[in-house]
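Below are structures written as structure tokens.
Below are two complexes that have subunit A in common, paired first with subunit B and then with subunit C.
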Partner chain A sequence: MTRQPAPESNLVLPPLAEGEPLLSVRNLSVVYHTKRGEVKAVQDVSFDLMQGEVLGLAGESGCGKTTVANAVLRLLRYPAEIAGGQVLFHGLDITTLSEDQLRDFRWKHMSIVFQSAMNALNPVLTVGNQIADAILAHTDMTKEQARARSVELLEIVGIDPARITSYPHQLSGGMRQRVVIAVAMALNPQLIVLDEPTTALDVVVQKQIMDEIRRLKESYNFSILFISHDLSLMVEFSDRVGIMYAGQLIEMARSQDIFRGPRHPYTQRLMDSFPTVSGPRSQLRGIPGSPPDLVTPPGGCRFHPRCDVALDGLCQQVVPVFTEYGPNHWAACHLLDAKDEVPNG
Partner chain B sequence: MAEQDPILEVRGLTKHFKSGNAMRVNIVKALEDVSFKLYPGKVVALVGESGSGKSTTARLIARLYDPTAGDILYDGKNVALAHSRKAMLDYRRHVQMIFQDPFGSLNPVHRVEYILKRPLLLHKKAKRGNIQEEVQLLLKRVSLTPAEEFAEKYPHQLSGGQRQRVAIARALAVEPKVILADEPVSMLDVSIRMGVLNLMAQLRDENNIAFLYVTHDLASARYFADETMVMYAGRVVESGPSEELIRSPQHPYTQLLLSAVPDPSRGLRTQEVEITGEVPSLGAVGQGCPFAPRCKHVMARCHEAMPPVTDLGGGRMTRCYLFEGGATGVNSAESAAAAAQVRA
Partner chain C sequence: MRFLGRRAVFYLIALFVAITINFMIPRLMSGDPVQMMFARFQGRMDPASVESLYKTFGFVDGPITEQYASYLANLLQGNLGTSIAWFPAPVSQVLGVGLAWTIRLLGVATLISFSLGMFLGIRAAWKRGRFVDAFVVPITGLFGAFPYFWLAMIMLYVFALKLDWFPLGHAASLDINQDWTNPQYVLSVIYHMILPATTIILTAVGGWLLGMRNSMINVLSADYVALAQAKGLSDRRVKYAYAARNAMLPSITGFAMSLGFIVGGAIVTEVVFSYPGIGYTLLTAINARDYPLMQGCFLLITMAVLGANFLADAAYVVLDPRVRS
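Our next item is the complex of A and B:
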């Protein structure tokens, strides 16, 4: 396989100012063009991710969390399209980069760990070749240098470097996920997006992988955008958590605040939807109904058809504004304007 | 519970799969010596990681495979090797299964009505004349209303949770005494799961159905199941009332499994349990305890033979030499000390 040498870097990132977020997503909207019409998969989503932070995005299938992750790396392809907004990294708008600039930007500054390790690796290439490929595609290292770096990376993620000649099927699920993490870390990016990194793994292996990622984050000082549907894992692993519903960010706060004092009715019901292994064993209810069809999302607050505390004549018509209701605690709900606290129950 | 007779009992259930070719046969010991009882109106959970044998157990009881050894007693009658059409039809009228993947378990070319009609006709539970009524009744029992509308739909027009409700309705069609539920909610979204679990709990209570609930999720076992059995590499290593088992796990593997479950209410980042090794390949499991290579309390004899079942009292059992002799046995002081050490 011959590869074009990576183009000379023409991408200069401005240095981060004091208190400036590493990643700033501003009013991001993404649509999918389908035969049935435009699917408004992500609508007006804004958040900041600070350097060294682990920011989680949680929500159910179809809420747009993975679409946000892909938009941040500019990985969306037709029929998906960024319909509006900005993705600022070091203040540089990623949505305006050319393909050449993107190749120079991706992996060097930001990389991604995809959902299923089984599918993320090419079954006919050795793991060594796959790590080296990522390096060769984005740098001007020689093959020998890339191989040496691959060995080093395997050691970093806790795999015997002798495994460099193994094929993915010869590794367990947990080891494959470690390889995928090694690929993501190949060029020491400042931000790694983890898209459901442990979903296909058993809980014990999940624990090992998440502990490993935490250890690596401390040693190599990268920031993390963590996408998951597993709220327990998210709250345990992230510094701050954003909750998405039907393409919108509806609440964002520090993990412990989301866990102990969720403000949005959807977050509250979601927190009441999964059993835990400690604490009281109470009757749980789930949320009646299903998430809406995003070709024709409900007007007003998108959660109102499933919300048991929706206000007549308001929630159906008026889109609630994402507002800060407590220190670092943001939510979009009319009830929070009406009174201080949403009744939980 | 002891006064009532079990509706279904398995004794020494064992399944070995053969793999490889004629030259080199490889025996995969998927399940070894599993015994338990199901009672009407009670839920037993089988909890374990992939490859622990939990689904194999459910499938053996559903008679999708023949067991290598062991008995399956339904209402006192051994059906482990029954094959005749009549015997199978009879058994399946009482024992039904719900599968993990509601996208794969419903035939996509048929409407819901047809899917629910089939078991009714096959098992002669309804006459052709009033079959539509029966179908709508079933849909109402699983809260798919308006039933007339849902009967007309194809599986692809339903959400995952609705599909799983159709699968439950199909199982209910024959008025079963036992339902084997193999990870029935693990493919559903968090907000939908509780609805389906609560529906099953309601059926358990209203119709006195015995459930075998196969899951990888200890928290949902605690929520739904009266009794929980923890499996590792084809063996049951610990069992007992769910709440007590999760509050004070005894077997080192149960402790490992529990410590790996993310749980924000336990406090953040305090739970640092050292995890070493991986689940063994089932072809390579030797004579001893399968967990021995990863166990920090391992002793020489753990490698020699599988520990016997130790009764810990209160309906709790474990298979671990740390507890040999039980609470009243000769080694009670020693094993109690070891157990205390394990808990510490």
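Our next item is the complex of A and C:
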């Protein structure tokens, strides 16, 4: 009835070649099976994440960024399904792993911090047990050793180790998120996916947590795939940023380039809808309309129905190609082909 | 602990109120057993015998406060009066016998139906749409929807009368030595228990199952279950320590409450299967206008329900750390 704990599947990762990305997502597509038809939540998304890099994925709610995060760890469950593409980690295609291999692979090499710290911890187990659980599932450590390691992890994320016997409800939101980070770091993975790690927290705690993550990243040298809808936080925190719209990656560049010179009209509108802390006061503008229905996404560029600079005929019919328009600056927009100048948002 | 202390105080107050109401009710009703006997003798009973009957049954004269005081004093000594239907047996003795049979029958049946319901509910939610979920859930739901007395009578008719696999009633065979050290007697008791217990389990398991299944499905979509799976924990650990452990909390309350109602006896079960439990005793008491026995039954049921509630609170303290602080 229940499956035995995974036998050591001895998954060996090939070493990274010079310049080879740690994580390489190739033409990833994810669909959700619904009664109305297939929701094409993620379509043809490709990106590379280098070792030691912080890569951000941003976009509106429902643009598929969390789905990408879950697909990368193969956490999707029915009705969601990877419909195509590859997720290469050290060159190993994760989408082909068996359940047992996956169970062994996950957390040891790649882990995730979920959106809501409030709900990511089991209310009836102590935080110590929840950290130790992850360790015991992957190593030969005894319970005492796992406990010692849990204490160490709590110290690392800045929580009083005496809290090891606390239950989640006895901790504040920020402390809970630190515990969740400790759980994610339990096996020293090379890549940690942060899925909106600070959404449920207030701004002050958010800042503390992000600083903490940055510090931990420097000390423990893991890479980060950072998912957020908060563009200003993302630009500050990431080395490179990818912008998603309606399940597709529409722009990707170094974060200062995205910040200073966004190329895609959607990215420009998105930047306009966030206030800047420094810099000149400007009128905040939203983006008229709402994201398209992904059962029947619009043809051509998916953004054209909301785009005020769409080119008649072209944008409705032809899917723009993701092209490099500047050094390390990729975007998918016909306007960028039409004229060299950045369209004025 | 302070939480349990507060609850205990609350239950003691509730008990006191119940005891007082139990005292008041018979006194608000017109007539009493002696007057009924008097009426039955159609005036051929002289006042002296009436007087002696009152004495025999332990009725106390005097103002209501005095009666109340002596009622409380008697209660504290465990003296519930003398049964009229089972005269001269004291009420406490009649109750004791009935209670033992009820607890045996309903205790076993409730425990089995709860455990079975939890186990199947966990299975059904874990493998949604598979065998347990697709077949066992609707079938137990169907049995749960049958009127209980109807199912009991069908069972009795088919398995006892027609097929003659099980006895027609009573708690044990009368022609063997009624002694718990006698293995034959124990076997006979179990044998007599099978049919009524099965009927109770059949009707009760559906509710537990459905409650647990729905609660478990909810919990399975929680982030901490997803995180537990992502952490690489075994299915067994995710299923029990993370999902079922949380999903069971609402059912625990229901279970403890049902333990209280056990003592009330399943009147219908006990009547259909002529099982000598509390329910059967209560029915007899009502038919015989046996007020002391009725009062005793009510008191016992009240105490059981309150005790079970307290047990539910205590179980919560053990199982849910959030209640502790």
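Simple rule for what comes next: the second predicted complex is superposed on the first by the 338 of 345 C-alpha atoms of A that agree within 3 Å, B and C clash if a C-alpha of one lies under 4 Å from a C-alpha of the other, contacts with A are read in each partner's own complex, and residues count from 1 in each chain.
Keep in mind that, in the parts below, a residue touches a chain if its C-beta (ideal position, glycine included) is under 8 Å from a C-beta of that chain, and two chains touch if they have at least 3 such contacts.
Everything numeric here is computed off the predicted structure, so don't read it as measured data.
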Open item on the list: In the superposed model built on subunit A, check whether subunit B and subunit C fit or clash.
Closed with: fit
Open item on the list: If we overlay the two complexes on their shared chain A, which of subunit B and subunit C does A:S111 touch? Say first, second, both or neither.
Closed with: second
TODO: In the overlay, answer first, second, both or neither for which of subunit B and subunit C A:E60 touches.
DONE: first
Open item on the list: Is A:N122 touching anything from subunit B or subunit C once the two structures are fitted on A? First, second, both or neither.
Closed with: second
TODO: Determine, under the contact definition given at the top, whether A:H229 touches first (subunit B), second (subunit C), both, or neither.
DONE: first
Open item on the list: Taking the superposition on A as described, I'd like to know which of subunit B and subunit C A:H169 touches: first, second, both or neither.
Closed with: second
TODO: Answer with first, second, both or neither: which of subunit B and subunit C does A:F259 touch in the superposed model?
DONE: first
- [ ] Look at the superposition and give the distance in whole angstrom between the closest pair of CA atoms, one from subunit B and one from subunit C.
- [x] 9
Open item on the list: After overlaying the two complexes on chain A, where does the subunit B footprint on subunit A coincide with the subunit C footprint?
Closed with: none
Open item on the list: List the residues on subunit B that touch subunit A in their complex, please.
Closed with: 49-50, 159, 161-162, 189-195, 198, 216, 218-220, 222-223, 243, 246, 256-266, 268-269, 272-273, 275, 278-279
Open item on the list: Looking at the complex, which residues from subunit A come into contact with subunit C?
Closed with: 1-6, 73, 75, 103-104, 106-108, 111-112, 114-116, 119-126, 133-134, 137-138, 167, 169-170, 180, 183, 186
Task: Residue ranges of subunit A touching subunit B (in the complex, touch as defined) - done: 60-61, 172, 174, 202-208, 211, 229-233, 235-237, 255-256, 259, 269-270, 273-279, 281, 284-288, 290-291
Task: In the complex with subunit A, residue positions of subunit C that touch it - done: 123, 222-224, 226-237, 239, 241-242, 245-246, 319-322, 325
